[in-house]
Structures are given as structure tokens and as C-alpha cells.
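Below, each structure is written out as C-alpha cells.
Same chain, two partners: subunit A is paired with subunit B first, then with subunit C.
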Partner chain A sequence: MTGGTLVTSAAPDIARPGVRAGRIRRIRRIRRPSVLRGFVWLYLLWSLAPVALAILFSFNSGSSVSEWQGFSLRWYVGDPYYSVLHDPALHEAVIQTLRLAVLTTVVAVPIGVLFAIGVNRWRSRQASAWTFVMLLAFVMPELIFGVGIFLLLTNLLTFVRLGTTAQFLALVAWNISWPAIIVRARLQSIGDDYEEAARDLGASSIGAIRRVLLPMLFPAVFASVVLVFAGVIDDFVLVDLLSSNAQSQPMSVIIYTLGAHGGSAAAPALNALATVMFVMSIVTVAVGWAIYRRLTRGEQRRSGGLSLGPLTGP
Partner chain B sequence: MAGGTVTLNHLTKCFGSQCAVDGIFAEIAAGEFFSLLGPSGCGKTTTLRMLAGFEEPTRGQIVLDGEDVTHLPPNKRKVNTVFQHYALFPFLDVRANVAFGLRYKHCSKKELNQRVGEALELVELGPYQRRRPAQLSGGQQQRVALARALVLRPSVLLLDEPLGALDARMRRTLQVELKALQERVGITFVYVTHDQEEALTMSDRIAVMASGRIVQMGSPQAVYDEPADAYVADFLGVSNLMDAVVRVPGNGSRPCTVTVGGFELNAESGAVDASGRVRLAIRPEQVVLRGYQESLANQIPGIVERTVFLGSATQVFVHLAAGLTIQALAGNTSEAASWPAGTPVQACLPPAALRVLPCDPAGEEALAEADNASEPVGTVSPAP
Partner chain C sequence: MYATEAARSQARPGTRHPRWLWPSLTMPGALWLTILFLLPFYVALAIAGGTFNPLFLNPVPIWNPLNWRSGYLRQVYSELFGAHAYLDATVLRTLLFVVIASAICLLIGYPVAYFVARQAGRRKGLYLVALVAPFWVSYMMRMLAWQNLLQGNGLINHALIVAHLITEPVNWLSGMPATVVLGLVYGYVPYVIIVLYAGLDRIDPSLLEAARDLGLGRARTFLHVTLPLSRQVIYAGALITALPMAGDFYTNTMLSGVPTTTMIGNVISNSLSTPGQGGEGAVLVLFLLVLMLAPMIWYVRSSSRTAGGELL
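Coming up: the complex of A and B.
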């Protein structure tokens, strides 16, 4: 291989990067000890294995949740009495969850966006007080909030019946802070320049919001929609406290009550319901993340701007 | 284009107890290129924002073509702005950005297309009309901002440091282009800058501002050659300022005699009839350096401290026997450019170039402030 030797000696510039890469690789090996890597895998296994098992047994053809008897869709659609599709309680729960998610999103997001715009242009001490109120939902335990609403509705505002209406009102109040905080952060990174430019070019103040501010806020609004929607699907405390009968129990409540206390439903069917809930949340966030990436593509990363912040939050 | 006269009448804007703009008077003629020049925090941007309608004046009046527009919202004024950071709408392409304001002009689709086309041609951006702002260079974005404002045919165009974000070379090119453009469209330009070179090269008239006031207003030549005080002299290019005491005040025919650190000098320009403590100003290019010799009138001996090669000329720092250091500008081929540090020299300060400036405590303060200024007071918004 004289040719090869010649090439390396004649072109040391080509040979050198290889050496350098080797050195870098060695450094990396030192900085990532296998103990830590093993620890990460253990952690992932520990946290994901129960979920994976639950999903796996929702596809079991038998009625056991510990012994695998073959793959089937029996607990989703096949079983005429106990499948998610045919058991009225489970079936109703899926619809109730979706109903609450859609209603809450449609109402809470616009209110939150307006709240953010309002607080952002209102420059006084009171405005910062309201910003604090906006943050309250993040620090207040959900149970306290839920019990508060429950007492309010059962003692004072008795004309609001427990059930879908009460759940909806509580979820809206609880979820307004998501769009409010995300949109406010975006507003602060956008600044006043664009709106002023629109005003300068002839737009009224409402026109400037509609033609310039809203299009620029769209990624933030969209992120809020995803988070609120996914949040409502996952919510348990509020919807449980404020449900009235089986009709107003969404998936999370059904899984809890039937799972913990037993009931008419078969165990694998509950697994199937949990899987439906899990997939709904994951799909909402995944699709949302992909679209958000598309919307903000080519945008300069600014300080204070959100890249994935709102979608990787709790 | 007809119209475009602006009158600022005792214009004042206070944020709390601090007045960013403090009683400004100015008459801007139609078709004039008028610059507001000053350091950050001097109130120039606030003045511009009041003209645009983004800030409501605390007191005073803005008259545009005979109409009082002081309290009109921005969208009701025949005034458009080119923002410092352009504020191009990132979700619209170049063409849609330029067409944005025409929607409010109620013109036909044909007219709209024609006007947008003309505006893009004016700034030579026709081929780029389908691009997004993020896909353009800084200079191109700046032109889009210009086209977007000019397409509306305003009476007055306001420009807020529009060249600030560009590199030095691009800035120089655009200065010439901007001036040519202004002459072609004939619109009144009100231009805000802290760069004295920009103001001098483009303006018909300059208003030098300090601490919310206009210190001096006049043609670039007048402001440069006959600065009203030490602040203006210092702000408009490097100037040598010397503390001096008047021995014999001058009058129409006789120059003023002053002493600087024990050396007697005659000064023929500026406030020659002043008495007591004054300041003397002379521009580096007017200082003549000679090899050391017997002292003659208006000369002070000194030694070369160091020389700095500037490219087109050489800057020579000379420590004078009078106890201060002055700068002189020497041609690269001149003898002075090659003198090593420590060379004894004679600095000639021609009486015609020596300018007597009255000592003004307010001006001194502004000068000190300008040196320390780091935060642009004019653009600071009240705390949220």
C-alpha cells in the first residue's frame, strides 16, 4: 500500500482531522461514564414499564391483566358488553373527556390571550398584581382550588348544577393561565415596534392587533391550545370533585373509580380506556409540537422567546 | 410633492418628573432634510415619536401643513416612519409589507399594484418582492422599510437612526442613496441620528440636541464651523477645547487676546467680545505643526506624545508647554506624520481658526452627561 502511505504523507492536512476526531472521541468516552448511562436507562425503564405493561394488556385476548393470552382488539371494539366501544360507561367517558377538552379550549384560550394582551399594555402597579393572579394557578394546589369551587357552587351559586357545567367552569378558570403566560411571554419578545409600525401605516389600534399582532402571536396561541387540550384530558382532581353522576365522569375519573374500587367493567377494558387517554394526550402534544416547529421555522432565536418551552412544560 | 412643513411649538414631553424633551421650537420647511443630532438620551427619539403620534406631548403643539396634529393618533397623520430596527412584518413577504398601508388608502387593485411596483422600483427591490424579510440583508430590509413608508406618499418621512444597524461601508453607501432619494421624491425628511458624520453629509439643516433642548440649529457648515458652545464643538467631530482667560476682549476690528497656561493667543472667531473665563476651540485639521523654533505669535511649543495612523491622515497628539494635550491632523506624506514621540515641535494655532466659546455651565453639564450616557432615556417606557 505505498499509494496509501504516499497520500497520507503528501496530504497531512487530510490526515490530521482524523487524528483530531479520534482525540475528541476519547474525551467523550471519558466524560460519559457507562454507569450514568445505565442509570438513565434504569430510570426510563422504571418510569415507562408500568405504562407499557398497561398498554400491552389492553390488547390481551383474555380477561387477565397479568397473564398474556394472545393479541386482540377485544377490549377496544370486539367485546359486545365490556369493550370501550360497547360499555356505555366507558364509551360515555371518552365523549365526556373530549367534550370538556374542546369546550374548555375554545373558551379558555381566547380569554387567556385577551388577558395577556390587556395586562401587557396596561402599565401600572395593578398590572403586576394581575400578573401575579395569573401565576396563581401554577402555585396553588389543584385540590384547594377544586374544593373552593365545589363549596362555592354547592353553597352560594346553587343554580349551577354539579356536572358538565361546573366542570367546564372550573376547567376554564384553571386553564386560563396557560395561554395568558405563554402569550404574554411572546408579546414581550415581540415588543411594541410592529404594532406601532402598523399604526403608523394607517391601521387603527384594533386593526393593528388583528392584522399584525395576532398573526405574530399565532404560534403562542397554538401552543396554548395544545397545552390546554392535553391538560384537560389529563385532569382528574377538578373533574372528579365536580362530577355529579356517571354521565359526567370523564376517562380519568372512570379509570380511577372502577380501577380502585372495582365495578362492572372488566380490567383489560379499563386498560384499553387508559390507553385511549394516553394516546390522546401524546398525539395532541406530538402533533402540536410538529406544527409549532413548522410555524416558528426560520424565526430567529431571541432571548426570552419560546422555542419549545411551552410544549415541554409540565 | 406639495406640503410637508412642520412647526414644533414649545414641544415638551415629561415622563414623571423627568422631561425628555423640554420646550422645543423648530420650523421645518417643505422638502427639507432636517436632522436631529445628539447623544443617546438627549430627547431626539422622543421628539420623533411625538411627531409620529406614538407619544402624546405633555405641553406644546405640532403643526403639520397648517393643521394642528398634536393630539391626532398615528394613523390619522400624513406622516410615516422608518423604524430603527425596520419593524418589517416577518409573516408577510416584501410585496405585502409594502402594500400594507395602501389598504387604508382605498385605492383600486390596479392602482395598488402600480404604486407598490413603483415603490419597489424606487428602492431597486423588484426582484426580491416574494422574499420574506428574514431572507434579506440588513441593507435590503432598510430599503423595504423605506418603500413601505414612501408608497403612502406622506408629507413628512420620519427616520429613526435607520442606518444604525448596518456596517460602516453599507452606511456610507446608503447615506448617499438616501440623500439622492430624498431629493428625487421631494418629501420632508426628519432624520434622527447620533452620528455627526451622517447628519453632516445628508442634512440641509441640523438641530443639535442636549438634555431635551435644541442647543444649535443651522446648516451643516454653520454648525460645524461656528459651533455655539463647547458642547456642539465637541459633539460635531473631534475638537480641541482649552480653558482660557480673556486678557483684552476684542471687538469688530480687533481680535480677542487670551492666555492659555501662560501663553498669549489671539482669537478672531466666536464670541470675541467675551470676558473672564472662556473656552477656546480649534479643530485638529486647523492646527499646523512645525519643527521647534523661536516662538512666534499664536504658537505654543510642545512635544509629540504619539502618532496614530488613521488611514487617510495621521493624528498627532502634542503635549503643549501650556500643560494640555491637543490633537493635530497631518497629511500622511507630511513631515509631521513621521516624527517619533518626544520630538519637540511648535504648534501654530491660527487666529482665524481659534474660536472663543463662552463658558456655559448648562452646556458643560450636558457634555459630561453625554460622556456617561449609556441608556437611551427617550425610548425607555414606564416600568410595567
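Coming up: the complex of A and C.
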């Protein structure tokens, strides 16, 4: 293994161009411990294959989810009764998910960003108490969070009906923490020098925040938008507990209610719905990540290493 | 940059922001969290300490803490420990599932995170993408995927029959504890891996080199340096799965749906839709909260200490 380490540590300098690089890489591959690598590959297979199969069978032309009967878009658009396009429950669910994701993002992100700026600059006991409450909300199991809101809305604030409004209120409360945590971390690394400078040069308080601080926070704000939007698409517990009827059931809840009892006649249609949900969140995250990379290009070069960035949360 | 330096030296106390500014930025979020996060706990307490309307089977909350009754509390106590207790098995089962699934998550997650943090080399980025991918697949879809595989005529049964391990299809999806644990592990292991990865990646490589230079072999370097240094992060990883797992009800419904594998989360979520059980649900939620509050606070404090406020 000592030899292996030596080659490995020397490799990045030599292993740039051409044939030599290939040879050295091959040596490295042989010397590395392979049991662990095998384990990791097995894990990845186990972790990704079931989902890949579920996506594959959403394109099945038959109604089986284990026997391939040919490719078709039947379960997306073709089937007049069960396809995502034609089954009202399924396409309503897509719309409900999008509605909740947009509403929640539009409200939760600004509130969370202001909250982060507020608690970061307002140096007092109260600020740290609010930070603690926010972090506690972040780690609170979603079941406890959701049941609490259910009891609140059915016993005290009874003028809020269960359904879209209740889901929206709960999702905002649940998602304020994302922008708050990300922006707060960013604020801590920026410090308040820039703002002070703007103030000294004559900017008003609000002006300094708006014209100096917010532009510097933009990547963090953007990352929160992506996380909240994708998070709401995948959310299940809150929207399930607070949905009132079929109209307020987003995709995750439909999959749960229709899928819970061993699958229905239209099993591949559920797979198709799940695939739509998957594509929505993957596109959000992939596009978001690409833009985030562009926004922070300078910084990544400076800090060098490969960082996960804030785009790794659940 | 130069301007900043200059401005700083000139900064006078008079150029401060107005005092009301920061509190008023904090307020919208603080209010939202107060009403929809803190207030619900008081409502749950009021319901748990309240009474019951026999006519419409709805709970009647008592808002004044001085008048709280202990009816629901005693009812749940007797369901847990009394002569006709039936919830005790559910609580024990939940505990068993959570402990076993968390342990398996750590056993799978640690080697994977270790490999990607230490030995993935130039392909680290690619591995990370593959590890993070499950985050962006909805939990429901991942459970649905296993439901497809484990069905009576699903691929798992097919494969096992072809391999002559079984002769008849196994009914994986009704009341198999192993299936539920598999679902929990599958659902939560990505979170463990990311937490473990973040911790293992942070270990200073020079410490490992020092250990190697001082003559420790690979195994002993791992045992005496890496493992002790990752103890904190192992706790954090176990916690980040155990907390939501203890409140999980959907994994169980998707992959079993039979009373023999019911978890405490199922009892709570069912109590909301069953008339007459709201008060019991409130007590159980508070019970779960009390059990979890200490670990949650530990997690918040330790992660804001080690990572400078960077919480996963």
C-alpha cells in the first residue's frame, strides 16, 4: 500500500496528457483497496436501481410493473382513463404540487432571508433565542410539526380550513429554516464591513442592505429558492396531514393513498406520476446547481476544493 | 477592499443602523414560527389536558393550564402500562425498528462515506452526485419502487424463484417486519451517508499521515485515529435518522399496511382521522416530543458548535 500511496500522491502532477497518464491511472486502480470500492458500487446499485426500474416501467405498454411489454407513453398521455393526463386525480395532483411549491417559495424565502439578516445583526439575547427556535423547527420530526399544526387549525384557529391554505401555512413555517440557515452562514462569512462602508459613504440603512448586502447574498438566496422549491415538491407528511379532500392532494399524497394497499389496476400510472415528480425536482436541482456554480465561480476557484455546497439537504 | 479598510477606521458610533431595524426584519419569520410552530404545542397541551365531547366525539381543549385534567394522560398511561395495555407493543416495536434500522444505516453508510471521503480520488465529484441523487427522489417514489419490486409477481420473487431459493412467491408486502426495516434503511441511509461524509471529509489528512509515519498499519490507523475522530459524527448520523424514523408512518403503510408492524407514528396519524381519538393523539405527540427533545437540542448545539452554524 505504501507504494500505492506514493503513486497516488505523485499522479496528479504527472497524469495530465497522453499515454503515460493512462498507464499511471491503471496502476493506481490496481493498487487501491477494491473490497471497499466493490461495496460502494453494490450500495449505489441497490440505492439507484429500484428507482430506475420504477421509471422504466412507467413507460411499459402493459399494466405490469415487472414484465416488460414494450415501450409506450400510455400511462403519461395515451390511456383515456388512467394516464396522468386524463385521470383528473393525477393531473390535479401535479397542479397542486406546483401551486404549493411556487406559493411556499415566494413567501418562505423572503421571510427566511430577512429573518437571517435580522438575527445575525441584531446582537441580543432575543436574537439568539429566535435562532434557537428556528433551528429547533428545522430538526423537529415532521410528524410532530404537522400534528401540532393540525391540532392548532382544528381547535384554535378554526377559520383556516384544512386544504391548500393550511398546507401553505405549514409548508412556509417548515421551510423558513432553509433560507435562514444558508443565508446566516453566508452572513457570518461576509461580516459587516461592506455595509459599514456603504453607510459611511452616505447610504441609508435600508439602502445599504438593499444595494450592498443583498447582492452579496444573492447566491445564498438563490440556493434557498432551489432547495425550498424542490423540497416542497418532495414533501409528504405535512401536505398529507393537512389535506382535506382529493382536490388538495399533491403528487406525493396521491402516490401514498393509491399505492398504499398493494397497488391498483393502474399501477404504471402511479409510476408515471412519480416519474413526473422526479423529473420536476431533478430539473429544479440540476438547473439550480448549474446557475449556482456560475454565480459563485470566483469563490470556488479561490477556495479550491470540491465542496458539496448547500445543495445537498433533504 | 481598500475603501472598506478606510471606512472602518473612520466608523463613528453615529453611523449605526436605527435600533428598530434588525428586530423588524426578524419579526415576520419569528411571528410565523411562533404561531405555527410554538403555539401548536400549547394547543396540544390544552387538548391533552382537556376533556371530551361525547356527542360529537371531538376533544374539548381547556385553555387555562390551572384547570387541566389528567383524563387523557391516564388513558394513555393505561394503554401503555395498564392491565389491558395494547400500545406497549407498538412502542417497543417502534424502538426495535428504529434501533435496528439506524444500526444498519450506520453499517452501510460508514464504509461508503469513508470510501468517498478518503479513497475516491478524482472521481469524488461523480460519487458525490450518485450519493446525493436519492435526496431528490421523493420518499414516496422510493417506497413505490420497492413496492413494485416486492409484489407477489414482482421482480424479487421472480429472481428468487429462478434461483431456486423459493418455490412459491413470498408475500413480502403484508406484515413482514424485515420489509419495513428494509424500507426504513433504504429511505434514510442517504442522510446518514451525507452526514458521515461531511464529518470524515473534515478530518485533517496530516493526522492520518502522522499515524502512518509513526508506524501504525492501515487497520490500526483507522481504529486509533479515524474512528475516534468520527465519533461525534456517528452520533449525529444516528440521530438524524432516528428522529424522523421514530415519527415515520408512511414507510410502514406503503410496505406493509398490516397491524402487526404498526409503529407509533401510525397510531398518531390514525388518531387524527378517527373521531374520538384526538386527545389521545395529542398526548402521544407530546410523549414523542418529550422523548426527542433532548437529542434534538444536543444536535442543534453540537452542529452549530462544530461547523460554525452550518447545519445539514
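As a convention for this text, the second predicted complex is superposed on the first by the 270 of 314 C-alpha atoms of A that agree within 3 Å, B and C clash if a C-alpha of one lies under 4 Å from a C-alpha of the other, contacts with A are read in each partner's own complex, and residues count from 1 in each chain.
As a working rule, a residue touches a chain if its C-beta (ideal position, glycine included) is under 8 Å from a C-beta of that chain, and two chains touch if they have at least 3 such contacts.
The shown structure was predicted, so the numbers you read here are calculated from the model rather than taken from an experiment.
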{"item": "Per-residue touch tally on subunit A - higher for subunit B or for subunit C", "value": "C"}
{"item": "First, second, both or neither for A:Ile95, with subunit B first and subunit C second", "value": "neither"}
{"item": "Partner chain(s) touched by A:Val147 [first = subunit B, second = subunit C, both, neither]", "value": "second"}
{"item": "Contacts of A:Gly112 with subunit B and subunit C, given as first, second, both or neither", "value": "second"}
{"item": "Which of subunit B and subunit C A:Leu45 touches, first, second, both or neither", "value": "neither"}
{"item": "First, second, both or neither for A:Tyr194, with subunit B first and subunit C second", "value": "both"}
{"item": "Which of subunit B and subunit C A:Val77 touches, first, second, both or neither", "value": "neither"}
{"item": "Touched partner set for A:Leu214, first subunit B, second subunit C, both or neither", "value": "neither"}
{"item": "Partner chain in contact with A:Ala137 - subunit B first, subunit C second, else both or neither", "value": "second"}
{"item": "First (subunit B), second (subunit C), both or neither touched by A:Ser128", "value": "first"}
{"item": "Common interface positions of subunit A, toward subunit B and toward subunit C", "value": "127, 193-194, 196-197, 199-201, 205"}
{"item": "Subunit A contact footprint on subunit B (complex, rising order)", "value": "52-54, 73-75, 79-81, 83, 85, 87-91, 100-101, 103-105, 132, 134, 148-149, 152, 381-384"}
{"item": "Residue ranges of subunit A touching subunit B (in the complex, touch as defined)", "value": "123, 127-128, 192-194, 196-205, 207, 211-212, 215-216, 298-300"}
{"item": "Partner subunit C, residues of subunit A touching it in the complex", "value": "1, 8, 28, 32-33, 36-37, 39-40, 43-44, 46-48, 50-51, 53-54, 57, 64-67, 111-112, 114-115, 117-119, 121-122, 126-127, 130, 132-145, 147-152, 154-156, 169-170, 172-173, 176, 180-181, 184-185, 188, 193-194, 196-197, 199-201, 205-206, 230, 233-234, 236-237, 240-241, 251-252, 255-256, 259-263, 267, 270-271, 274-275, 277-278, 281-282, 285, 306, 308, 311-314"}
{"item": "Residue numbers on subunit C that touch subunit A, as the complex places them", "value": "3-4, 7-8, 10-11, 15, 17-18, 21-30, 32-34, 36-41, 43-44, 46-47, 59, 61, 108, 111-112, 114-116, 119, 121, 124-125, 127-128, 130-149, 151, 153-155, 158, 173-174, 186, 189-191, 194, 198, 218, 243-244, 246-250, 253-254, 257, 265, 268-269, 272, 278, 281-282, 285, 288-289, 292, 296-297, 299-300, 304, 308-312"}
